[in-house]
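Both complexes below contain chain A, partnered by chain B and then by chain C.
And now, the complex of A and B:
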């Protein structure tokens, strides 16, 4: 986001602080950050585990506890509890923390400290990894002047941030974040809506997300905003096709479009317990294609052409205050929702490899001696924990990718979308369909998937020279072209 | 009861959106009103338990086709002088008459039909897919070929200008 780049004076202050803190630790010197002692690692793992566990416990308490107290288990009202537990607690809180996390992680990657000035009660020790900056950010957004540029289409200008925010938030509605449980006579699920459309709902909602960015750029009466809007529309429409086609292979393998059934299928194993039945093992190639298309849909670097803060600032160039905040927040929510989706489709959802939910539950009930009801709750906790841990990994991965790669040129974006991703996803679709038709037990599909994974690993390892990379090849094709606009 | 209440709310909202399409002076507002109407129609499809149709309505019409409309309207960048003027031309009168005739015809046709009872399972994704890929597979394939021909035709027409 444009807001991430701090002004020069702030950078100067931070560098000064880096030096001061390094001087302060004295003997350890500047090598302090690079050395990873086992103690620090263990502390970090425990801290992360406690945070994930707290989140899982909170969701479990809200959804199951309230359903049990109110006696609404097994009804559609559980969906309302999930709106609170999953949508507000998990997605909103993660997205909120990402506002700080992106700055912190990008700072780490650039050898900076990142936001560190906001502290609770001005206490030097209470910096809390920069999290108090959330309050500073929120207050800044709320109290900034809400400016509408002259000549803007006022209604659309005010509507566009909402149109960008709502589809991003609605994506999480069909994602199951935990296993269905039955304990103390109360049956709950950890999914907001259990609908017939499943993945189609995701496609439909994602296709509507284009309107927010496009209308924002158009309504502001600003040529840079207009460029951003046109880029956003062209890019998102182009990549929607590839996004949908890559997932058709996954649908063919799992034989359903309902996400809860896909997650439950991946709880099992293939080849007599040798390999977990995760989507990644059937469709590793589709995962790569899906990641590329999904990053383009979220409009983050290296696909941040609609934004491109160094050239056109983007479709939200005229927005200020909380309206800009909604665009920023929508992007972070999309990151979280996309990570959740990747986990459900390719990485087993709430399942843990090789241990099925039933086996875990009976082990906890009989061998550990928790009793059936508490064992069900504990197994649900494990499932929620596994989901959150996997989801956070992909959130982190998206952050790392965003701060590692330079922006594509516009023609590269279009070539990648139409000439690479689309044909490759069609090939993947044909191969998967043939494999499933030839062998309905999915063994052939799994073998092909593992072969693809092996090939991909070989390609990634052997591609040590940047000259063999796709971007270098594209630059070779057009050596004279400068960055072109729409 | 709930269904009736939801139906009337959505029906009124859909009609308001439809009026917005023809009453708006700016092309962008017309397009947005049409998106609004399409969403209301998708919700009505859900009430009719046509889940697949509802999803495809949003995905194809609201998400893809209307997005292209908006894209084109954006590029036109109409100034105030080019906005449509409210005037009664011969085309307008003829169009209104045609629309009114169709409305009356549809109303008479629908009025005689008995309303279906109980939950229907013909509109779910599984039910539609089974029909589409077994009973009507030939029509499905022919439609696919037709669309392919349309894409190739559009490319052939446009390729001289690229």
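And now, the complex of A and C:
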């Protein structure tokens, strides 16, 4: 029998050409790709701005417009409007879009096309960045069998997704997403519930989320689910300690646990207008500790051990259909809520740096000539916009972190939580407390914070460009492969 | 065992800075975030085939099935039976291919030409594409270059097993430039594929005049009637 593979001379023209172009790529290296065009960048920024602006406008219209129409300004009923405006529009919509963004963005980060098959019309060109996949996903989940494994504790099994979902959603209740305004005789706030507990409410609700994960794994009568549940319980309870302790520093600095007061405080400046009074400038170190602890609380990579889809499938292994969907959705809502929290605690909430809300309002009213009422609305719009922009940045950051870092090992997680985060947050707590006691004007605390920030920036800048560093290292070992893979 | 010990490469311990992970995180975020921005903003260059693509987007996969990767010319695809100038199949029903076939999926029935006492022809020539393992042995075995697998179509999905058995007429039809006979009820996918095939063919001609000759050599003159 003749040889099966054709000899090299018989390899068709196309194949040969492919090989040639591969060689050409190797020769030229990464220079083959042109640079990002600034025009496109500007266009993208404008587009993102328009979307944020639309969201801010929508919240403003719903909360203020309805309050004004119904004449319920200044009463607790505004909280109900905020449930619609803030909780549903802002948090739900963002979380829903994140379901697509998770897949589409991860594709972009990994040089893939990503989901593009679900389309609104049969027009081949309109994939809408994969957004129609939302509908496809939802339909799929609704029509899947609602499976309860034999031997499962049925009641707990059904309850667990709700227990995971509700606390995540409730987190947003105390977060102020915009400044309080008074316009046309209607006073509104952009916060669902204004309660004295503030941060304590967040700690309390966040610790309820443990039950969802733990009970889901336990009730499913599945060994892997049980493993995931144990991991979730141990991890979340461990990190709750650090999570709370890192924030005590923030509480000491702002001397309040009400989030709306924290946000309002950060609207001001320190040192005679030199530095915005943002939490990050007082507590940069606590921010990093808080980020680590909070990521562990959300159970996403690199802390996704309870899920760990490559080893155990996780605490929700037996869940199907919309019950699984609730777990997934809870995760995304937690991302949004956590980002909102970071913004309020460390990045000034709705404030824009150096310009206080009053200054902006009077500038709009007098210098721009909008009149007091419209100026108040415009200032609120600016505040909402700033909040959404900052929040989306942290949502994005969590996405990038999730797709950049490998999962930690279990002992590493525990070591990090108990041996690093806990003592460090205690140190931070002691230092902050001492600084605030020694100097109640917060100058010392600010100086210490800026010193920490300076150190961190030095550390970060000392990193060489990631691409160059890795390329050089890889080039050294396998020169050929590197040039091909660029 | 003396002399046979393998030394593992020395493990570099991380310094304190690296163990804090902060700098490493920033590096990672810069790399991945940069790639995200670049690929999200810039449009993909879909005009060229993957390796020739230009532009800031580094996306290297294609949006199948709207775009398709080029199929190499030695790709073993759907069978075809070549035919002579006068339209008769080249096959002489020698049974070499069906003997060589490890999957036993070629069934041939030989007949004799009335005017030709020597040469035979296939009265029946069927290939069960469901059984075929696409090994290409039949092509190698054929002494008359009568069976080939260079159509660049894969055998298409069918709704029942019978449709997957390709008759002599269908296999000969595969040799015509328009495309294969369309199995009943499946016209959509087939037409898409043959259109795609033509598109690739045209691109190839445009792009590589040199290689086209080689292609012709390989495909034989009967390909373009």
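The rule we apply is simple: the second predicted complex is superposed on the first by the 425 of 486 C-alpha atoms of A that agree within 3 Å, B and C clash if a C-alpha of one lies under 4 Å from a C-alpha of the other, contacts with A are read in each partner's own complex, and residues count from 1 in each chain.
Keep in mind that, in the parts below, a contact is a pair of C-beta atoms (placed from the backbone, for glycine too) under 8 Å apart; a residue touches a chain by one contact, two chains touch by 3 or more.
Only a predicted model underlies this, so the values are computations on that prediction, with no experimental measurement involved.
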{"item": "Touching partner for A:237 - first (chain B), second (chain C), both, neither", "value": "first"}
{"item": "Which superposed partner A:93 touches (first chain B, second chain C, both, neither)", "value": "neither"}
{"item": "Between chain B and chain C, more extensive residue contact with chain A", "value": "C"}
{"item": "Contacts of A:460 with chain B and chain C, given as first, second, both or neither", "value": "second"}
{"item": "Touched partner set for A:204, first chain B, second chain C, both or neither", "value": "first"}
{"item": "Touching partner for A:437 - first (chain B), second (chain C), both, neither", "value": "neither"}
{"item": "Partner chain in contact with A:51 - chain B first, chain C second, else both or neither", "value": "neither"}
{"item": "Partner chain in contact with A:403 - chain B first, chain C second, else both or neither", "value": "second"}
{"item": "Chain A residues contacted in one complex by chain B, in the other by chain C", "value": "none"}
{"item": "Touch list for chain A against partner chain B, complex", "value": "153, 155-156, 195-198, 200-201, 203-208, 210-211, 214-215, 218, 226, 229-230, 233-234, 237, 240, 257"}
{"item": "Contacting residues of chain B [partner chain A, same complex]", "value": "26, 28-29, 32, 35, 51-52, 54-56, 58-59, 62-64, 67-68, 70-71, 74-75, 124-126"}
{"item": "Interface residues, chain C side, partner chain A - complex", "value": "17, 20, 22-42, 44, 49, 51-52, 54-56, 58-63, 66, 70-74, 100, 135-137, 140-141, 204, 207-208, 210-215, 218"}
{"item": "Interface residues, chain A side, partner chain C - complex", "value": "1-4, 6, 10-18, 21-22, 25, 32-37, 40-41, 44, 105, 108-109, 111-113, 116, 124, 288, 396-397, 400-401, 403-405, 456, 459-460, 462-463, 465-467, 469-470"}
